[in-house]
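Shared chain: subunit A. Partners: subunit B in the first complex, subunit C in the second.
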Partner chain A sequence: MSSSTADVAQHATPPTTPGPTPARRGALRRPPSWRRAQHRRPWLLLSPGLLLLAVLLGFPLVRVVQLSFQDYGLRELARGEDNYVGLENYREILTSSFLWQTVLPNTVGFAVVCVVLTMLVGTAVAVFLNTLPRTWRTLCLTAVMIAWAVPAVTGTYVYVWLFDPLNGLVSTVLTDVGLIDRGAVNWFAERFSFYAIATLNVVQHGFPFVAVTVLSGLMTVPRELYEAAQIDGASAWRRFRSLTVPILKPVFAVCTILSTIWDFKVFTQIYLMPGGNGGNPDVYNLGVWSYIESFAQGRYGMGSAIAVLLTVILLLITVVYMRTLFSEEEL
Partner chain B sequence: MKRPITGVAAVSALALTLAACSSGGGGTDEETPGGDGADYAGETLTVWVMEGTNPDSDAFFDEVGAAFEEKTGATLDVQMQPWASAHDKFITSIAGGTVPDVAEVGTTWTPEFAEVGALVDLTDRIAEAGLDGDLVGGLQEAGTYDGGLYGMPWYAGVRAMIYNTEIFEAAGITEPPTSWDDLLAAVEAIKTSQPDVIPFPVSGDSQYGLYPWVWGAGGELAEQDGDTWASTIASPEAVEGIEFYTDLALEHGSSTAAATTWNEANALEAFQQGDVGMIVSGSWTPAKIEQDNPELFAKLGAFPFPGKDGDVAGSFLGGSHLGIFEESDNQDLAWEFVQMMSTGEFAQKWAEQSGYFSGQASLVEAQSEAADPLQQAFATQMLEGGRSLPVTPAFGKVQGAKTVETMLQSILSGSASAQEAAETAAASMDETFASAAG
Partner chain C sequence: MTGPAALPAVPATRTARRAAGRGLRSDETGGRRESRASTVAKVVGSIALVAFAVFPAYWMLTTALDADAATRGSRLVPTSLTGENFARVFTDGDFGRFILNSVVVATATVAISAVVSLLAAVAVARFRFRFRTAILVMILIVQMVPLEALVIPLFLQARTLQMLNSLLGLVIVYLAFSLPFAIWTLRGFVAAVPQEIEEAAYMDGASWGRMFRSVLLPLVAPGLVATSIFAFITAWNEFIFALTFMQDSELYTVSVGLRTFFGQNTNDWGAIMAASSIITVPVVVFFVLIQRRMTSGLASGAVKG
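The block that comes next holds the complex of A and B.
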């Protein structure tokens, strides 16, 4: 009872705050110079943040694009010279069969599977948490958040150890059951099993964010809607599909886009797995490829071009996804 | 209870005061007549040293710092760098102009940094000091770029085989293998007598474990023709070596599928658990085993890599140079430090403490005579079979691309035959050589 009263109180608050209308009316009566100053003020307030972003994000971004048009190696780096080659890097990447047969399928396939699983698991956990009483919800949330708080490096090593072919828990259990011989199967050597392990790792690390975000969305949905639907005889699934999904659409959209971005540019979780640091080219994704070209091969131009390609793909996906999800008015 | 503590405190306070007095007095006494010590007074020499080589490096560099200050008057600022991120750090500081005066440079990096003009050519200084006749050959070769020596040989390590004497005895092997046939016989004997033991794991993520078999069969990795390099890893001799090594796993059951993605550390871990017969190991590894697992250390034996027909096969002679950076304002002072570290007392002490071999040939010989049988096997490996990798910055890129590991893993996982995989690797190497030349 107490929690639902709190909900009602929460929803009662917004309308009592004074709306923007009186202020706008006042602005209309002011002289034009005042209005110009008022237009400038938000930018003034934003400027420290924008400046910081320009330095921390803008400059590297411009530099990466610049580098992607150069044959830039250690020599150029040490001497501070430029060495423009036009679109040569892009030509080399886009015409290589390695991109189309290995890297892109790995990156895209892995990301799609991870995003779908992360969203499903995250939403399921959120719906489950929403049904719990407060104490249990807090307890479960804490447990979920711990999974999220574990650094990617630590999490990856946990999975590497779990699936260690000789001494890992999985191989020990399977050996004891009699399914495999100890050390006879190496899951890291095959592309598919390699990515299956990586998927487990990434989904486990990614779902808490979705769960927490969706849960906070769920808690704002007025209970009356569900009660009304229940009285109308709607099943639990129907209530979820016809109430929760439409109301939480923006939340799902944000979660999906962020997960897509994260899962496309996964690097640590792949690079740290046995064979993932370049020893097995079958398991390269765009991030690892870019890193190896740049820092192991010293071809910074090439690595940058791959990074730019990754960014462009992400932008395209995000734009297309946003367009299909929302009509223009909704955005 | 209180009294003794006060007593101790008083005595130590007194000792400290005395020490302070005497050191202050000594300093002024020495500076006046010698003049030598005041040359660089007030200056600081920044040095980067790789972490983990010497387990007790703090004490070592405290001692070096004191001796250095006494000799030159300058202060020594030693900064330890982890190997894993060192290459990146070197490159970014070369680009940003934030290099130290002197740095320990891995032998495979020296030509790379020399090529971009970051390191000072030390040839003349070394000749002037009369040190050029006594350098360890492999280290000298590795530090030479375009006719100049850009790194002063400091210390070297080499890989050989270590084995578990208990497992060998149980299998009835009395003498360590000295030829490929011996090795195969040993693998068979271990397999039949102790089925749970992995006789000799073939680690897929370790290039240095492969080279001895390529060299032992008479093969080479790459050959230089004028200014260009061409890979020879797909030559019949090289492929014979690759085949022998990988067949240990694929035909003779000497390894385990798990080892396909193992690196040296993983193999060592398995060896330390006690159910692995022999592994490829660095000369610096026994010291680590002694620390982690004294029980196993007592059962440790070592032998040089057997060549195909019973000679000592080549093994990569790795190690470090001391390089002086072109941007250093204090190159003369830096050279003083380099000499102090790489010759005489401190060179010997560093080698002893770290389990490596000195960069001076005369010191290595002395070391090998004094050494225990374990270190003697490594010394034999180093003196009779110490080899360097193709000395070109392009080979650093081959290593960066993990071309050789890729080849090994594709053979071990069964996706390519030795011949096919070697041809792929050779093509990839040639491409790297060509792009580096262009």
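The block that comes next holds the complex of A and C.
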């Protein structure tokens, strides 16, 4: 959601003006005090924001790393003292089969499937919207916006309701068809079906960002290019492969990486499904595991170590993201 | 499809209009070779897309209005409509209080973040200074940090400072999440205002402060509205921190308060979906609203500048 608006703002930015011409600069000559104020001004303007970010993001990040090296539980919390144990938490996490057989496959597999599906659906929708006449496109775009706007919390509850084993839509339809007995199957209990529902939820909520971003990219491609290709006898698929994909490569790259980051740290959608808040360890991902270790088990040091692990993975993806972004535009 | 829009605005009977439409279309097909098959594909595609996109929201709203919500099963349209589920949310549950809490938290977040982020955005968009790029990179990176990593240290800190169970504590935390995005977005809006207008204001003898108030502020107002709405939605939707910080049910925000409608064994789906609808509808309205606002504000800013 966030970066699309940032992109919109970027595209609308006119080419930066080269600054005042020499003649005008002469007319605007100011006393030295004014120039000095001009020098200090950006820092004055930035200071409230930077202060808030340092206290609320910078400090906690340092603290969570500190905590990850500690056996920090309710006792330490009550006494307010540190209890360093070195790399013990990391050793415990990295040698546990629970990480390698359950949590990591859940996190990575889920993210990969979600990203691929989100990109495919989003791109297909964008290409489709681009062929529609204006009124129809506006109508469809409004529908897409609604899918985007539904909050994660309420959207997840709708899926829980849709797949409710007793009275949900899916269970009722399958019972009527004769495939299952009402209430006999609980999709949330099984790891695979649990994540299938979560995938549907996340893709349905995530494709609008890709669709809208790719669509705005598509609209900047000059129509003449497609007309020329059409005259040369290129098929629709060929035009997509040889024109759209190379031109929109940076847009696809940014969408993919942002989706990857978001899908790696999905929390609410898992936590709010039955069993996701601690009842069923089979369905934990890194975020949920970290939260439950901390707030359900009271092992804050352990939870911090898991959180640091997740952050490092996301940071690596972010580095790739920055590389892509910086080659595209000047800050 | 293009028929009705392209027709002349003379009153016509339905058959006459249809005939005219057909004539027009056959003219067009001669030129553009748009086959009937592709028109059908577009209609079917549009319907499928709208259905896929809107279905969860539709199911939420119709369940909320259904008199027999719990046994709805696969009924696509409720048999009888009722406001009973909505009423129950306010009488049995304490949803009115949750809404009030959320509104207070979100409004305070918006107000503070608007001021702070606008100042910061002007700094990075208008001035060249040391560490500017470093600050921009930091603002970008910070957005990637998972909330799960922040919630542990901030919880422990808030506990020490006795800020748990306080709406103010929540506001402060939400500020941190909405700021990076707001600064990043507003920076684009500020940069879109041509430097020449500012120069013109200086030429007329305006001080920097006066220029900021009378020139820059009105021009970036649409951007400010848009980022404010995003900040509002962020605070309104946020779940992890509200869940962790608010242990007193009097102070629940809407997204956490929703959990109170889940029973031990059976769930009152009518009430849950009614409460969900109350949370969702304002967000959807805001969202559709600013999408238009963002683009129109940008366009007029770019042209008039």
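One rule holds in what follows: the second predicted complex is superposed on the first by the 258 of 331 C-alpha atoms of A that agree within 3 Å, B and C clash if a C-alpha of one lies under 4 Å from a C-alpha of the other, contacts with A are read in each partner's own complex, and residues count from 1 in each chain.
Rule of thumb we're sticking to: contacts are C-beta pairs under 8 Å (C-beta built on N, C-alpha and C of every residue); 3 or more make two chains touch, one makes a residue touch a chain.
Source: prediction; values computed, not measured.
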Practice prompt. Once the structures are superposed on A, label A:Phe295 by its partner contacts, choosing first (subunit B), second (subunit C), both or neither.
Written response: both
Taking the superposition as given, does A:Pro281 touch the first partner, subunit B, the second, subunit C, both, or neither?
first
Figure out whether A:Trp148 sits in contact with subunit B (first) or subunit C (second), or with both, or with neither. second
Field: subunit B versus subunit C as contact partner of A:Leu120, first or second or both or neither
entry: neither
Quick one: is A:Leu179 in contact with subunit B, with subunit C, with both, or with neither? Answer first, second, both or neither. neither
First (subunit B), second (subunit C), both or neither: which does A:Leu139 touch? second
Check your understanding: Is A:Leu77 contacted by the first partner subunit B, the second partner subunit C, both or neither?
Key -> both
Item to complete: Pick one for A:Val158: touches subunit B only (first), subunit C only (second), both, or neither.
Response: second
Per residue count on subunit A, the busier partner among subunit B and subunit C is C
- Task: Could you tell me if A:Leu46 is touching subunit B, subunit C, both of them or neither one (first, second, both, neither)?
- Result: second
Check: subunit A residues flagged as touching subunit B and also subunit C 77, 80, 164, 167, 295
Listed in rising order, subunit B residues that touch subunit A in their complex are 88, 91, 94-95, 112, 115-118, 198, 204-205, 256-258, 260-262, 266, 270, 273, 396-397, 400-402, 405-406, 409, 412-413, 432, 435
In the complex, subunit A touches subunit C at residues 1-2, 5-6, 8-10, 12-14, 16-17, 19-20, 24, 27-28, 37-39, 41-43, 45-46, 48-50, 52-53, 56-57, 59-61, 63-64, 67, 77, 80, 125, 128, 131-133, 135-136, 139-140, 142-155, 157-159, 161-162, 164, 167, 169, 172-173, 176, 204, 208, 261, 264-265, 267-268, 271-272, 286-287, 290-291, 294-295, 300, 303-304, 307-308, 310-311, 314-315, 317-318, 321-322, 325, 331
Residue set of subunit A touching subunit B in the complex reads 74-75, 77-80, 164-167, 183-186, 188-190, 274-275, 277-281, 292, 295-299
The subunit C residues in contact with subunit A across the complex are 1-2, 5, 42, 45-46, 49-50, 52-54, 56-57, 59-60, 63, 70-74, 115-117, 119-120, 122-124, 126-127, 129, 132-133, 135-157, 159-160, 172-173, 175-176, 179-181, 183-185, 187-189, 191-192, 194-196, 199, 202-203, 208, 223, 226-227, 230, 233, 236-237, 239-240, 244, 255, 258, 267, 269, 272-273, 276-277, 279-280, 283-284, 286-288, 291, 294-295, 298-299, 301-302, 305
